[in-house]
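Please go over the structures that come below.
What follows is subunit A paired twice: with subunit B in the first complex and subunit C in the second.
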Partner chain A sequence: MTADIAVVGFAQAPNVRRTAGTTNGVEMLVPVFAELFAATGLSKSDVDFWCSGSSDYLAARAFSFIAAVDAIGAVPPIMESHVEMDGAWALYEAWVKLRTGEADTALVYGFGKSSAGNLRRTLALQLDPYTVAPLWPDSVTVAALQARLGIDAGRWSERAMAEVVGGDVDTLLTHPYIADPLRRHDCAPITDGASAIILATGDRAREINDRPAWITGFEHRIDSGSLGARDLTGSPSTVAAARAAGVDGVELAELHAPFTHQAILLRDALGLTKAVVNPSGGALAGNPMFAAGLSRIGEAARRVFDGSHGRVLAHATSGPALQQNLVCVMEGR
Partner chain B sequence: MKHPAAVLGVGQTHHRAKRLDVSMAGLCREAIDRALADAAVDWDGIDAVVVGKAPDLFEGVMMPELFLADALGAVGKPLLRVHTAGSVGGSTANVAASLIHAGVHRRVLAVAWEKQSESNAMWALSIAPPFSMPVGAGAGGYFAPHVRSYIRRSGAPAHIGAMVAVKDRRNGARNQYAHLRQPDITMDSVQASTMLWDPIRYDETCPSSDGACAMVLGDADSARSDSAWIHATAMRTEPTTYAGRDQVDPRAGRDAAAALWRDAGIGDPLSEIDAAEIYVPFSWFEPMWLENLGFADVGWKLTEAGETGPGGRLPVNPSGGVLSSNPIGASGMLRFAEAARQVMGRAEDHQVDGVRKALGHAYGGGSQYFAMWVVGRDKP
Partner chain C sequence: MTELRARRVVGIRGSDGRVHVPPVEYDPVTAAPLTEFVEVGTEGTVVTWTWMATPLEGQPFDRPFGWAMVLLDGADTPMLHAVDVVESAELSTGMRVRIRWAATPGGGIHDIECFEPVTGRAPSAASGAVVDAVSGITTPVRLDVVHSVSPEESRYLRGLAEGRLLAQRCPRCLKVYIPPRGACPVDGVPTVEEVELPDTGTVTTFCIVNVPFLGQRIPPPYVAAYVLLDGADIAFLHLVLGCPADEVRMGMRVRAVWKQRSEWGTTLENIDHFTPSGEPDAAFDTYAGHL
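Let's look at the complex of A and B:
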């Protein structure tokens, strides 16, 4: 059997509305790497494999991830890969790499400067370019369609959605819609940010961290890209990933839900009844594109590092209306 | 523990400047359907899909694998999207291989594609981000100084580039899928073609193609007697600029090759590799990469002696290579797939006799990204 693999370090840039740096993430990543190395006692030469997640479209340029490599100082050359996905999937690729035995440590990062453009319209370009995207249904509008379908099906209500946010729900419900039935509090903020995680195998993990977050299940699935071809009030890909990963007994869950109704949908899909959900605030408190999913894994792992929880779950999503979903289950030993 | 992995089957499209007869989905499916048939695997046998392509701006769709999920047969399965610039087709194959090596999956579908006619690659590559040095020259203008530097350093005669172009285009004429098929090309015709970026002439330049490539990889239980076993994979990255960087002979390429030969148990690549599919978008990159890969100290002498031709010591790009077909995101996977076809004995009219081990090679960006593999007839 392959060596056990654990998350042993996590750091993130401040989740802010706007940064002054370039869209290639370098200014956000350099301090994140420094924080990770300080916390783990590692240096760049201790990292066997590097993997990142980002989007050229968000950066409004081709090959933004090549410029991001400047944050590493990759001389001598490094063993490295990149996914055009949230960093959570880069972490998955790194986890696979460690399982092959070709590497014992990996540093994985994700970054996104959402403030550089009009995020809602940029994300509309993820839709079918022949029949859907030309109509410009933006990301908030697509989420609103999903929220409306769920309300009409009795799966959730505007009040239940507001309760995901918490606080004075009655007052929240007096606020105007920004895309009926979504109000401002139902939507994740537009966020610039970056985050990074270090993975390590077996004894190496125990050397680096007193209480590593051992990965016991790591699975992802995708649903149809055709909005009309799937039931938007459910998430078969989340259900399948959770079943394969084994989520029984999780005490805490960090969910990558950029909209309140999606938090409800995901709680149901994952069968979370007793677990604490999103103690970090989740994506509704900060949603750096292509890093927010990776940050969920880091935030959940941190609750294992500090000994407060034994078994935790992290979820990441990608694509319109929760099309693609990933589940990572970790535990302390 | 590393689980053995093999190529069970490969497929590719007919590559053309504009495949207006198919959508992006149709293009991918043309390659996938051929790969599944070649592997004798049906959709139920595929555990996961790994997709690779170069910048999304080339088609004008953000993360197109999302809308293509149904066409790629990925619904309900894991789907990964790799992007490592021009090396991405090779990297995609390597990531798919790692899913088998890791014991995560039994059979994985790898797909790489580019449909350049949907958008405008020159536009996509010419966006000027703030704080970055604008290139504004396209790939040919970017690489021409590297070629000139190679000629000066190596003392190569001026006709080497034309020799490579003639060989690869004639090879491409024997490949039914190639975009450019020019059986009548000659040294004279290449040397009479327009000078684009001195010393690179029109006939020494890769085309822009629409095309896709797909492969089915599997574990030991899925492999058959004629499958191509993956003996080693390697990937390396270096920064775009750093003090002392050698763009003609990049260290990332040298390091990747050294790791590849070591892991494949190869001491003398020139005598142990029977065919090589090397990413040569401009003719002069054949001798440059022969040196970078460790096949020769002076690469142009191998080329000049005809040793990289179909009957030579090291047939290079028997498929016609990138000079004959260049769907950018797929170009790297085509190199990996053509290496596997040679090993499986399924390379039709461009089959090299007796191939037991073959190299697939890809590079990307400004020669910062390298991906390679060695496939062979024997189970490692």
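Let's look at the complex of A and C:
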């Protein structure tokens, strides 16, 4: 079992409201891979294992991730896998692959063209298909129901939510609701994008990056698919993942919170009292579906690469109202 | 679903004694299979709500309405549904609501048309009728998606509208792709240099379609074949007509039969089909690398 595995490279496409490219992500991924190879000095033949995260629901085409493999140039054949989840979970699969010793390097990517369809409706399809999804409760509605539960329970307020965004909070609070109690600033923008990370083991990692971000804990947990059965003001799966990963002493955290109240909820669940949170702006600054979670890990790792932080945490989420959560803790040595 | 059709609501008792509504198959915490159904009330309390000012396709109403999680009397977990009120000011946490049943039950969550505030008016009673068990539901799902073509594909499609077959060459492996691609699948770089191809080519492989299917335009048997245009390094799928299906063979030389120019658009359907050109068959080694 290989113990020493690190993030050694990260690149992302611009987070934009709408790209002109296809839903298979090729046009976003080609420059991202080129940037990653330039930064690490690697080429595609140096990558032992490839893994991606994306969704056919979003791409509205079957096996869209196969078309995305074109961006790699998979000749001669490569060892490749895919998850129908955020790229953060693809990174987890790659980390397991490296731990088994079957590979020493992995390139993991996630991509999503959220603008191609109506994202609020597409995300309704992740709800219970018998008793909930037939009513088409959209993603913003579900988040709003969660936000009000927290407000009524005294866990956060509309002001505290606006303070997550920062700036002129008084003015923000005069803006109209999108879905009471959520205003525009409470909701992540609909974003097209892609990102990619390179993982490497031991000495290989040290060759590639002067200061790799060594993974010390990597865990994910899930809560019930039944919305009503969950206490939506907390996140037991985040707490459990954090406990298993070991988050003591983190100096910086990148949280995948597509709504402001979820940033507060996660901060509390992770016990982040002193850490700098979301210096990148987080998902509220850009939320490319199936890449935003992976990008959190890359953004946190970058703060280790540059020597500015020693121990960092990244979080990714999936499913309605933070149903599934992943925690990755990294440190420089 | 069967009970909903009879205008009753049942939950299910979980491992910890909580009554889950709607009933879940397995306990959300212990994952134990659950079996003890419990009838609950048709009135309840709003535990959280939001307002849908501009409803989306498929939602319970096409006019503004509320969403709420409602804890039905006797239940321990709230259920999500719509609340029919005129404005958001009528909604509040803790308000009492009751089910408004659909006029025509169908055996699904839509048998609850919505919730409505509890007023003096008597609620509609359970039908009490004995009905067959609901064994399935149908949920139509429609998503509208705008597909964009890549810049390379766009050149190709515009070429087709002019009756031209525009391929592009990969700058690394020099292979000629039609349609051109945002990334050469061998090298992972966009194809660049434009190459106009003739409308003649070779059948590399084919199949005879004998099975009827929905939307079929040609009576079977007919031939769907991979056609390698002269000068191309990748074949594409098209029809081969104009000869009996059992005469189509690997290496057969074919040419495009275009539709009337007035019917052309930015589509490969401008070529109605390929037909034998009468030339001698191509030697196997001319297309062996494309199988």
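Basically, the second predicted complex is superposed on the first by the 331 of 333 C-alpha atoms of A that agree within 3 Å, B and C clash if a C-alpha of one lies under 4 Å from a C-alpha of the other, contacts with A are read in each partner's own complex, and residues count from 1 in each chain.
The rule is simple: contacts are C-beta pairs under 8 Å (C-beta built on N, C-alpha and C of every residue); 3 or more make two chains touch, one makes a residue touch a chain.
Remember, it's a predicted structure, so these values are computed and weren't measured experimentally.
Applying the stated contact rule after C-alpha superposition, one finds that A:P212 touches neither subunit B nor subunit C.
Of the two partner chains placed around the shared chain by superposition, neither subunit B nor subunit C is touched by A:G282.
Legend: residue contacts after superposition of the two complexes on their common chain; A:Y177 is shown touching subunit C, with no touch to subunit B. Looking at the shared chain after the overlay, A:D56 reaches subunit B, while subunit C stays out of its contact range. In the overlay built on the shared chain, the residue A:G112 is in contact with neither subunit B nor subunit C. Contact with subunit C, but none with subunit B, is seen for A:W136 once the two complexes are overlaid on the shared chain. Residue contacts after overlaying the shared chain place A:G9 against neither subunit B nor subunit C. When the two complexes are overlaid on their common chain A, residue A:G332 makes contact with neither subunit B nor subunit C.
In the superposition on chain A, A:T23 makes contact with both subunit B and subunit C. Taken together, the two structures place residues 22-23, 57, 60-61, 69-70, 72-75, 122, 125, 128-130, 132-133, 224-226, 229 of subunit A in contact with subunit B in one case and with subunit C in the other. Touching subunit A in their complex are the following residues of subunit C: 1, 14, 18, 20-22, 24, 28-29, 47-53, 56-60, 67-69, 77-82, 88, 93, 108-110, 137, 139, 141, 143-151, 153, 181-190. Against subunit C, the residues of subunit A that register as touching in their complex are 20-23, 26-27, 29-30, 33, 44, 57, 60-61, 69-75, 116-118, 120-122, 124-125, 128-138, 141, 144-146, 148-149, 152, 177, 179-182, 224-230. For subunit B in complex with subunit A, the residues that touch the partner chain are 1-2, 23-24, 54-64, 66-70, 74-85, 91, 95, 98-99, 101-104, 118, 124-125, 127, 129-132, 235-240, 242, 250-252, 255-256, 365, 368-369. The touching residues of subunit A, counted against subunit B in their complex, run 1-2, 22-24, 50, 55-57, 59-67, 69-70, 72-85, 89, 92-93, 96-97, 99-102, 122-123, 125-130, 132-133, 219-226, 229, 236-237, 240, 318-320, 323-324.
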